[in-house]
């Protein structure tokens, strides 16, 4: 993590029609990248347009957070969809958000996978490869914001896409760097002090302690702040403070030095 | 209709999942522009991707056919949605199809409004203005493919957008050039010979005989072929023959001389 | 309002998947009738099953709150759907909730129309008549819970259905007893003291002061407590207190003396 | 198959809004039981109401064909939904169709599981048990129409529900009597003569030849006619002829002697 530039990102725009989730307004004052739901697992055109406008106003990077077409399950349930159709679903969502960003005078800089779709891509190159090929076909400059995954990193590299690894401070990791499934006990860390300690360890040593107790190197460019939990805003403040206390600077991925075009 | 260049367009990709509508394969061999449903009134990402690929293969212009979010009513039922939200829905659909076109190595050249949304925009500048502003904000080069409407023409002109008027040979027009609502008797002309006679009148005199019997000038650049009626493919053949018999050339809107950038 | 038996009802189960709306748990401790969303404007099978179970546990009457198929607009936007199809949509929703009630060992006692569908039925006998005919065909013993409307009362009477008029304490009424549309200023009364005063006037005099200042008799059997506004729970407590202070008893509609079968 | 009474059933009402699937009108003249889609994988309230009315007119048994909430995938894709939520989805669909049947003056006599949901229940008692418990809680008199499955038979018996096994003449069976997945080669038998031969073998010997070549006893009360394939109507005619040639009588399940209440 040379120069200690780090991005703070959050999943935003996860309401639907009259329903809200999380305090987007507050989080947008704290993060540097927004991963905006695209109407499949959450979000709708009006919410997307509003979230894009708020992000632009605050200079927050705009990205697409793409998921399964399953609002009732919030994109967290596995659906057995063929990869060609999944790829079309991914591009559909990317295009929709990119369109709303462009119409608002902005620009979409990154994308990330949500929920079960993200887990499937992270765990299986046979899923990751066609999806990242579709992303590259859509826009080869998009940065892939992802929790650590060799499948996604490999698939992205094969298409010339840049991955910015994101750290999920409140989620347990296995020894391969994959997220431990939510249903396992203690896979979601709710104690604020422990979450913060994990951030501090990452900032100091570039490592995470895994579910099994091992120490794993995790070269991240971003830290994810969950917006849909009570206390999310307070925690985001504490993480910002921790980054600054560790001598870091909070910089959106798209503006981090090491990601600038080389040459 | 100087030079007698004329486009043939059809609404395509109007299936959903396992359901099909019309013979897209056959129509794509006959038309020069495809208005592709974007998942709101019909279509889904997989169908959109397939339709885009087929259109590209045949050199057919790719456009977005945007509608109300109402599959059960096929976008033909009025929904009272505020124009700001409608504008976001329009951009969402434009972006989605443009994304799939781009990922397929193609380019979206035009857009059109479907069903009740189209009727509302055609009849009311208060609807047309914010929607065309949204289209222009998304991409000012998009050509608006529309049945004749002063509201849409005015709103497009105000945003610097180009309108290519399309002739619906099987629909009755009122004296303002608006489509007569489907529920009125004889508003949809099913007799092939009458449809063909209307095309021939248009090609020869540039006019249409209205529902009331008046003669109305209608300077069109395109003729719409309906795909969801039995006999659609045979009729498309006859219309092609009529155009060629009248000395016309069938040319996609994006390649018609008068729409090239001036300068 | 003989005997001063009065029901307290609330619209409940208006979440969707991961999204919640209002504090159903708290409201179910205060009301005697639950109008449960049926998956069209809000709600889903899992939420409906949970809400039914909670209502049963507390002895709260179970009813279906049926609406337009428009989650994004929360059923508050007019949709131009033919009455035969609307009737099928109403029965579909009634059947779904009745099924979940039956599977839970309970029984559905009433139904109400939500949002724009409710406004359309209340204002127009041509809408109310086929919908109430469909309700009667489904189950002639269902009580119709409705804000005051001559159209609904007439249509119900024509089918032998019983109407229990419900008072919306926080909504302005016009001189015909119809709700003033939400978009008009001061149509939704947010000041708690004013809402309470309206309840007290109703309890004492059986009247409501209309938007124009007129005094209108309103023979109600129930008072609606809105669940989706902040302060809803506190307000429900105050309304309960007001009823008891006025010598009334809070009794579910299905158990009110005057609705028992005569003879 | 005492007395050689046999039912012919078909999955019907599998259109959606403007889209149709199969020739329901023709099939309803040939079958004795209709399994009607309930709006989750296919169907909508208007189509359900129309299909119910047509079935009643012809004295065809009305049943609910319940599936996953996935129209795009036509309910054929596995979704990882918890069984409690699945049970609520099943009851929701049963209630909706039962409601429409009741409003039409009819009565729902049976139910069946569609697609991936059916395969999961047939293969796993842990899925079948809670779903059949939910069916029994909804209505213990409903007959379960199912392809052969020990899981479903066991789960039904545990709840006191009656199963009527249905033979899918055009689908290959494994040695446990489960359907061979559609993606395996030759799992769907398209050759009419072979389909017919399988029906004749069943009628004569009460057995089916499995995918591996084994002979498996299959005591069925019904034969399924697929409606969504070309030639379905012609095949249904041939199957009817084969039953009659074998001395059988075509009788709806609800009227077959052995299923009448004992005692």
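In this document, chain identifiers A, B, C and D correspond to the written order of the chains, with residue numbering beginning at 1 in each.
Here, contacts are C-beta pairs under 8 Å (C-beta built on N, C-alpha and C of every residue); 3 or more make two chains touch, one makes a residue touch a chain.
Remember, it's a predicted structure, so these values are computed and weren't measured experimentally.
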Problem - Result of counting contacting C-beta pairs for A-B and A-C, higher pair - result: A-B
Exercise for the section: Same or different, please, for the chain C to chain D contact, judged on whether over half of the interface numbers appear on both copies. Expected result: same
Handout entry: chain A and chain C, separation of their C-alpha mean positions in angstrom
Key = 42
Exercise for the section: Would you mind pulling out the distance in Å between where the CA atoms of chain A average out and where those of chain B do? Expected result: 39
Handout entry: Where chain D touches two or more other chains at once, by residue number
Key = 46, 72-73
Exercise for the section: Going by the contact rule at the top, pick out the chain C residues touching chain D in the complex. Expected result: 39, 45-46, 48-49, 84-85, 87-89, 91-100, 102-105, 134, 137-139
Handout entry: chain B to chain D touching residues, read off their complex
Key = 15-21, 42, 44, 46, 71-74, 228
Exercise for the section: Spell out the residues on chain B that touch chain C in their complex, using ranges where they run on. Expected result: 69-70, 72-73, 77-81, 116
